[in-house]
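Below you'll find the structure I mean.
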Amino acid sequence: MTNGGQVFLLDSPITAKREVARDMFVLAVRAPEIAASVRAGQFVNIGWFSGPLLRRPFSVYREDGENIEIILKAVGEGTSQLLAMKPGDRLSCLGPLGHGFGLEAGPRRAVLISGGLGVAPMPLAAGEATKLGIHVTWVHGARSSDELCTESQGHEVVWATDDGSKGFAGTAVAAAPDADVVLACGPNRMLAAVADRWPEARVAVETYMGCGTGVCLGCAVPLKRGGYDRACKEGPVYRAADIDWPSLPSHLPYAVTA
Amino acid sequence: MSDMAVAVGGVKLRGPVLAASGTFGYGTELPVLERRALAGMVSKGIFLRPREGTAPPRISETPSGMLNAIGLQGPGVDVLIRDYAPKWAEWDFPVFVNINGESALEYGEVAARLDGVPGVAGFEINISCPNVEQGGLYFGNDPRAAAAVTEAVRKRTSLPVWVKLTPMVSDIGVIARAVEAAGADALCAINTFVGMSIDLNAYQPRLSFRTGGLSGPAIRPLAVHLAHQAALAVRIPVIGIGGIMRAEDALEFLVAGCAAVQVGTATFVNPRAIAEVHDGIAAFLEAKRFTSLTDLPRYLPRD
Amino acid sequence: MSDMAVAVGGVKLRGPVLAASGTFGYGTELPVLERRALAGMVSKGIFLRPREGTAPPRISETPSGMLNAIGLQGPGVDVLIRDYAPKWAEWDFPVFVNINGESALEYGEVAARLDGVPGVAGFEINISCPNVEQGGLYFGNDPRAAAAVTEAVRKRTSLPVWVKLTPMVSDIGVIARAVEAAGADALCAINTFVGMSIDLNAYQPRLSFRTGGLSGPAIRPLAVHLAHQAALAVRIPVIGIGGIMRAEDALEFLVAGCAAVQVGTATFVNPRAIAEVHDGIAAFLEAKRFTSLTDLPRYLPRD
Amino acid sequence: MTNGGQVFLLDSPITAKREVARDMFVLAVRAPEIAASVRAGQFVNIGWFSGPLLRRPFSVYREDGENIEIILKAVGEGTSQLLAMKPGDRLSCLGPLGHGFGLEAGPRRAVLISGGLGVAPMPLAAGEATKLGIHVTWVHGARSSDELCTESQGHEVVWATDDGSKGFAGTAVAAAPDADVVLACGPNRMLAAVADRWPEARVAVETYMGCGTGVCLGCAVPLKRGGYDRACKEGPVYRAADIDWPSLPSHLPYAVTA
């Protein structure tokens, strides 16, 4: 997959900010080294001056060779502070971290399933898949149309909303067709449903993280075979069937509001 | 350049800043690290046998701190010897193994297995473990139990033995003297404080283990005080630990009477924290024109 | 509006949020205060005789906290009775007097003088004082000494007696049970933790008293844990204290088993903190559709 | 004096910022109620979102009926954060607090002596004195000319620099003439020298403050008659002869760099 690559610690100015759905924003930061090496599903761990003690992990949403983007909502102290910042303000970016989706040539059709902020790793995934000649169907769900980030990529795009206000009325999982490869990101509860239907799906899970670098063992992901993996090192992308879903906390704020 | 070397509890270190147990893994994980400044590391706490650790959530952020309940997840002594010690043997700084047990005997057994293994420079005894033989109370709260563990380890190894004290005691000096008398070469002060944080949606603790250990800058003033009290109580060196983020923080411990320091949580925030603390201490000594760290004035009124 | 009233240790309070001792003076100083939300206050700790307090510097900021060594500066009981109690007698919330002494006898004497004085609703015994009779160790660290002080006060008054616990103990449950048995009507958990901070220009502690008590959000996870442990240990109500800045913080203590809370350092930062905490708790109860604070789920697994 | 007046807790936007000497800045914040009632020598206690735990006390430098100004240098965490802020950012202002200089009609000549940042309360003092028909000589000292804030007021202005790079070569105290009333603000060490020469001088002292409102007893000022006063309530302005100068800490960062 994508581990073992070089990790960078960069002092990155915010270069742009845009709203992509109600209360949902994309921040761009200058981080050329990370932009050049990041793979879909990897994350950056972000800290800032007079911020909270711990860094905050964010999937890389997009990159343009010079900047990387992250997508977020204000759900707590850290995200609120981040969204109060302006272009020019500086963030400390550590990354790219973790194993990504690890896409390789071979499969013919990929389905990307995302719920809410689970959209985060999908633009990179759609891009990588397309480059590998894989046909991409991206199914993206949210509670309602105004919460749906409609920046999209891929050969086919399917929208799903819980309230039916846009596209399919129901969850992204219910709206998704079958495919050779299924990639998913969203609330852990949604990922558990993905695991039921596609045990071989590659899912990006969410955990609390202390370090993001593999040393604290705080990001424990319970495994079906027993014991725990580190989401920041062995994850955050897992084979859906490998996770002991009932033991994985599903109430994280990102997940809940996703 | 001022001379940064220190002699601590049976070893000569190239500087005063070590990596704290549980915050540096086995020394192999961290990216963007600068090893040149690392005076030594203490590996993640190990038991005789493998341990799964606690269920998630394991950590929770608090004001200027974090709670953790990792549950001493680890592969056990045999895997440590097989997978990590050979790497440590190649490094240019010493690795201390943080050892744990549910009985004094078990601590001794862990030390005996590791004694003489190339790559293992010495031991840090973690006495914040529950003493299973005596009903789950912590070894670290009871001077006799703490001394018993220290002796059990001391008897099984000729390597340096450091004892890491818990802060959850009414008089740290009593424990410090007990383990000094039992043969410790140095004291490490301190481990985390027990804390709890409540999830207001679930009406229960945020951590699955209910309580966790508080680390980070929040505890620094408490840690400086306890390290100072320990230093006043004993003649062996004290290694200060707790909330060190910057060189100034480390210097507080050194002035308060510590011979060296360990950096923990700061490494999570900044993988280069240890190098920055080391360089900042060196810069301070330069600015104050001390030719060596041993010239730093210490505040140790023994009255 | 949910019912916010609580009954705590012999008194009925109009809400769960009180002002903590030493952070609210004698209730007469604070500007821009909103008294409507104040369920009660505990006055600055008093001794029998006037005390000058310690030399400056007396305070020092730390990450998410502050150290203080005020040295219980105060005018003594007689001036308290003359200058403040008459004002308190006119207020629509109860005032508890935080009492101190160097011997159990002195505590009892302070209580006896204040017993029956209009304006004095009850006592909060501060057992974090050094026990001069027994060589300066703290009353609060020793279950027998803590019980002796409680009894000495209990014998001299029929007003409610609350006992404020120190966190610097290895098992707070032991002290909690001892003072409950000695006749306390409620426990207040907790007082400040002892800490130290070093001035790197002077190579000595920043506070003239060397050490100080750590308060503020930094200690909250420790305080929640200790208040919870105290609540598990006794049947009398526990009042939670430590680092409460916002309603959510207070709710952590309430869910952890406390009957009420005290707000301290937050008042320094925001003189309206108590009103905001009170209103925030009320809003939380509304949002969760609890008709009364007593409906709030508590996490008190007695296992 | 000026105690017993009403105190306000305001959410105040920063309205302007200017550099007045090397690394020394004036921040203006909108605080009409405080501007309308503040007296020379009083202070405001300032806090801000994601700032340090405790508020920071600042003398009111000037007011224009709508805004108040404070003058500061970055000497520590709080002042560094304040100076990183921009117009539009919001501060919480509690004030006016404490007793001011308490100028009243009567004296004919006043000398105002300030060292470094001790300039802070002097513009208001000069204004009040002038309105009362008092002749004002303002003697202001600093280490060197580039550290000297030369915004001045009063009938006569005398500059003093330690290195002689501007005006009198020496301290402001040495440069000051005698007068009916002496007001002084600056490093506590300087104020001790003022007390030696003019025991009746009114001096604004500096202490650490926990609350600024009289409840914590953290701001203890040692008195000649024994015991302690609160700088935030009975002070910060004192009769010079009343203070036990050797017991008043003189190493506060503001004082040291003043």
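Residue numbering begins at 1 within each chain, and the chains themselves are lettered A, B, C and D in the order written.
Everything that follows uses one rule, which is that contacts are C-beta pairs under 8 Å (C-beta built on N, C-alpha and C of every residue); 3 or more make two chains touch, one makes a residue touch a chain.
Note that the coordinates shown come from a computational prediction; the quantities given were computed from them, not determined experimentally.
Undergrad: Among all the other chains, which ones are in touch with both subunit C and subunit D?
TA: none
Undergrad: Calculate how many whole Å lie between the centre of subunit B and the centre of subunit C, each centre taken as the average of the chain's C-alpha atoms.
TA: 33
Undergrad: Roughly how far is subunit A from subunit C, going centre to centre by Cα mean, in whole Å?
TA: Centre separation, subunit A to subunit C: 46 Å.
Undergrad: When the C-alpha atoms of subunit A and subunit B are each averaged to a single point, how far apart are the two points in Å?
TA: Between these chains, centre-to-centre, one finds 35 Å.
Undergrad: Residues touching two or more other chains, restricted to subunit B: which are they?
TA: If we look for residues of subunit B contacting two or more partner chains, we find 64-65, 216-217.
Undergrad: Name the residues of subunit A that each touch 2 or more other chains.
TA: Residue numbers touching two or more other chains: none in subunit A.
Undergrad: Touch graph of the chains shown: is it line, ring, star, complete or other?
TA: Drawn as a graph, the chains make one closed cycle, so a ring.
Undergrad: On the basis of the stated criterion, which chains touch which? Give every pair.
TA: A-B, A-D, B-C, C-D
Undergrad: Considering only the defined contacts, which subunit B positions touch subunit A in the complex?
TA: So the residues of subunit B touching subunit A come out as 22-25, 29-32, 44, 52-61, 64-66, 68, 70, 73, 199, 201-202, 208, 216-217, 265, 267-272.
Undergrad: State the interface residues of subunit C toward subunit B in the complex, per the touch definition above.
TA: 62-65, 67, 138, 141, 168-171, 193-198, 200, 203-205, 211-212, 214, 216-222, 224-225, 228, 243, 248, 251-252, 255-256, 284, 297-299
Undergrad: Given the complex with subunit A, which residues does subunit D contribute to the contact?
TA: Per the stated touch rule, the residues are 50-51, 81.
Undergrad: Considering the complex alone, what residue numbers of subunit A touch subunit B?
TA: Against subunit B, the touching part of subunit A is residues 6-9, 47, 52-55, 92, 94, 97, 207-222, 226-228, 233, 247-249, 251.
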